[in-house]
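We call the chains A, B, C and D, going by the order they appear; numbering starts again at 1 in every chain.
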Amino acid sequence: MVQLFHVSAGYGKDTPALSEISFSLDKGEFAFLTGPSGAGKTTLLRILYAALRPASGQVLVGGRNLARIRQSEIPYLRRMIGVVFQDFHLLSRQTVFENVALPLEIRGFPKREVHRRVASILKLVGLGHRSQARAEQLSGGEQQRTAIARAIVGEPALVLADEPTGNLDDALAGEIMELLDRINFKGATVVVATHNRWLLQQYPRRTLTLEHGRLVGDT
Amino acid sequence: MVQLFHVSAGYGKDTPALSEISFSLDKGEFAFLTGPSGAGKTTLLRILYAALRPASGQVLVGGRNLARIRQSEIPYLRRMIGVVFQDFHLLSRQTVFENVALPLEIRGFPKREVHRRVASILKLVGLGHRSQARAEQLSGGEQQRTAIARAIVGEPALVLADEPTGNLDDALAGEIMELLDRINFKGATVVVATHNRWLLQQYPRRTLTLEHGRLVGDT
Amino acid sequence: MDRLTYFLRRTTRQLRGASALSTLSLLTCSVSMTIFAVYALLFGNVRDLTQAWNRRIEVHAFLVDRLGHPEVQELTHRVEALPGVREVRYISKDEALRDVRRTLGDSADFLEGLDSNPFPASLEISLEPRYRHPDHIREIAENVRSLPGVEDVEYGEAWVRKFASILSIVRVGGYLLGFALFVGVVFIVSNTIRLSFLARQEEVNVMRLVGATNTFIKVPFYIEGILMGAASGVLGLALAYAFYLAVSQRIDVSLFLLLGGERFHFFSTAESLGLIALASALGLLGSVFSLTRALRQT
Amino acid sequence: MDRLTYFLRRTTRQLRGASALSTLSLLTCSVSMTIFAVYALLFGNVRDLTQAWNRRIEVHAFLVDRLGHPEVQELTHRVEALPGVREVRYISKDEALRDVRRTLGDSADFLEGLDSNPFPASLEISLEPRYRHPDHIREIAENVRSLPGVEDVEYGEAWVRKFASILSIVRVGGYLLGFALFVGVVFIVSNTIRLSFLARQEEVNVMRLVGATNTFIKVPFYIEGILMGAASGVLGLALAYAFYLAVSQRIDVSLFLLLGGERFHFFSTAESLGLIALASALGLLGSVFSLTRALRQT
């Protein structure tokens, strides 16, 4: 599903944020991505959803070569990927419902189907009662759960979650993990970038560890 | 330092986000504020820095009655409070240095003194090398540490930190806690809202627990 | 169709999220459309007026007294045969007296004391448009003067020259200014719309991040731009109409009649619709510009 | 002083953070200042021109042939004594012939064949400004006509009437339009600056949250508004100057001289500075408006 060969990337002239990263994830795999702050976790995920082009190396995601992908193909790539952004990236003036419905509307789902799916996913993340609130009216944890709901509502083949439990207590974090496990079980590949030691201990999975932009561990 | 008597507050017509909260914190105390997502932690902190007026009840912070504070007095109140916002609230186009210098500039510190203090605090939070980066160019954890640096650079009498370690690994979280401990030791009152069970276990302190807007525990 | 209603729904959703922004830019665009409309209104009227004046450029030939009917007819034919002459109208002595009476109105009393009619008969000679130029007029006037039976010729040489200059200034200056104003309005409207979109770059980014195609993102913004443009066109026209009412009440009707017989008039329906279409096009243009820019970033 | 440089530093810091926004609003403001400046330029020139014409309104009295020197002097005195008469100038037969020769230039050849000078001597009578109105002029003309030694009087009645109408339209319409335009420009400039600030509400919020007083927040924005306004004033003037050059080259100099002797002129230094001051004031106004609004929120 995901293959990286000697990938380096960075921002501007500074020292590269990632250097010589190589690993691969099979379809249906579940992996944690960890490492200290500034190690390059977010940068790595950005490469996977084609928001950043690698400076060198090859990236294959779902059969597409992202080092060479055309601008016009990116939307179609992203439709098979669900991303939970570290800073959420919600449309702050729109409601929770509208935010979560967006990926389905983009895919042209009929209105009825959109309603059904969004309502059910909001119940799963515990936001059924807040669906008509605007995103800017949510608590931090509620925003995070909205972002998670939006990432998985379209049942994507690849889920990239960047620190999805940073604003959640352990109980909710556990529920979110169950949710990710479930869609992983249904066949989706899942990558979760996290600092949360509790999560890593509670759910032992393959763990990729970054440090200063280098892959230093893969267990 | 902080006293609340039967404080209720909310947003619009919905069920109140806080109801009948009463507690007090002495000068120099250190307290955690915890509770599930949406319990009202952020709302409580917002009342303490006068971003939200309680619907009923009395709030005293540093001798000022916030239920009745005049608009023009709020800036002076806020100068004695350092806040780490859950969503950081950095000036994204300005550099880390400029962001952290802001509270000092507001207080009219001379340029030389501003430089000295900002440089030293940035070293403490591990961002000495990123001081000329714009806030939008930082990783999540780096943004969080910038927000923390800005909150404590002015040596405020009261520090309110909302989920200050959500984007930090345990090692960094520990360092930040040491930092907060140190300014607490120097006499500042500190309130840390957090979900982080590891933090609560590692640093046993007085812990206020909120649930559905009610204070359900104080240990 | 279904798709269109969907996009319209999304447009209103977007507008609701940015009401202050949209209101400000709507007002700014409306005001600049008003400026343009008011200018077009004034220029159009002045141009029509000068054309009406132009049509009035005539040569008057005063005839010698007591000219018989056959002589007048022959003279008329000879004048009509001159190059550049469009039409010749004979004003008899009686008619001349009546004209003067009508023009003078109440102050015509002194005419009552006259023994005989002192006003000469005359020919009013109107010219082909091409010949309404000072040099041609003088030539025609001299030709007419040399004909038998013509006592004197009048055509206000100085006035005609001045008038030709005014006309040319109004034309050159007016169109130049109009063009500058048009460019200015295009600029202001499209920039204002870009400005109001710039604040929404974040929105565009989010949509791209979740896999929206450019078309999906653009259409509601384009619709918004067109609606905004059209609305400012309508508002601009309304304000221009208010200006028209204010001015046309302040300027004597008689004044305008005196000046050339043309009434001070508002745009025709077709012109109004054209202006609204122009405004809509500008709104679309503004949104196209801003989105092209916004979408270029990753 | 130290405080001022500090605030200037913060202003540039802010501008750097919002360059696209600032560029767009600067351009929009400049264009609307240009429109206003060009209008003021044209209106000022046309007004000066009509005033020059107005000064030229004169009554010509043609004298009977062979009037002696004492009679002319007496006549001149009597005319000068009439109410509304400002100055009287005597044009002898010889001077009249010379004037005609000069006006005709090359085509004056036919005058050579004349036995005697056919042009009458005349008095050129200029009027007090208050009397340059059709009704007064007619009265003066009739008075002059009744004096002994006066053969005929000429003052171009129709022309004078038309001219008075034009003047009044130019005045009423011009000031009205200018006022409307002024309001429009005030609106566009202040709104554009508000628009560019609206996108920076977040910035203001952050500063309030960390304890900045309103003054601390406002000053850099005010400075920015003033700078933006002043810059758009300067740019607007520069563009208007470009327009001035373009137009003044296209319109014959001779045409303008013919029209009234006034050259088509640009703003004086004082006027230019006034315009820039106005633009700065508008920029300040825009930032005051938007900040008052932004600061009202908690």
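Everything below uses one rule, namely that a contact is a pair of C-beta atoms (placed from the backbone, for glycine too) under 8 Å apart; a residue touches a chain by one contact, two chains touch by 3 or more.
Since the model is a prediction, treat every value here as computed from it, not as a measurement.
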Identity of the chain that, by mean CA position, is farthest from chain A: D
Chains linked by the largest number of contacting C-beta pairs: C-D
Where chain C and chain D are represented by their mean Cα positions, the distance between them in whole Å: 22
Whole-Å separation of chain centres (CA-atom averages), chain B against chain C: 66
Approximate Å spacing (C-alpha centroids) for the pair chain A, chain C: 62
Chain C: positions in contact with at least two other chains: none
Contact graph of the chains (line, ring, star, complete, other): ring
Full enumeration of touching chain pairs: A-B, A-C, B-D, C-D
Partner chain B, residues of chain D touching it in the complex: 6, 10, 13, 16-18, 203, 205-214, 216, 298
Of chain D, residues touching chain C in the complex: 20-21, 24-25, 27-28, 31-32, 34-35, 38, 42, 156, 158-159, 161-162, 165-166, 168-169, 172-173, 176-177, 180-181, 184, 187-188, 191-192, 194-196, 198-199, 243, 246-247, 250-251, 255, 258-259
Contact footprint of chain D on chain B as seen in their complex: 49, 51-52, 72, 74-79, 81, 83, 85, 89-91, 93-94, 98, 102-103, 105-107, 150
Interface residues, chain A side, partner chain B - complex: 11, 34-38, 41-42, 86-87, 137, 139-142, 144-145, 162-163, 166-172, 195, 197-198
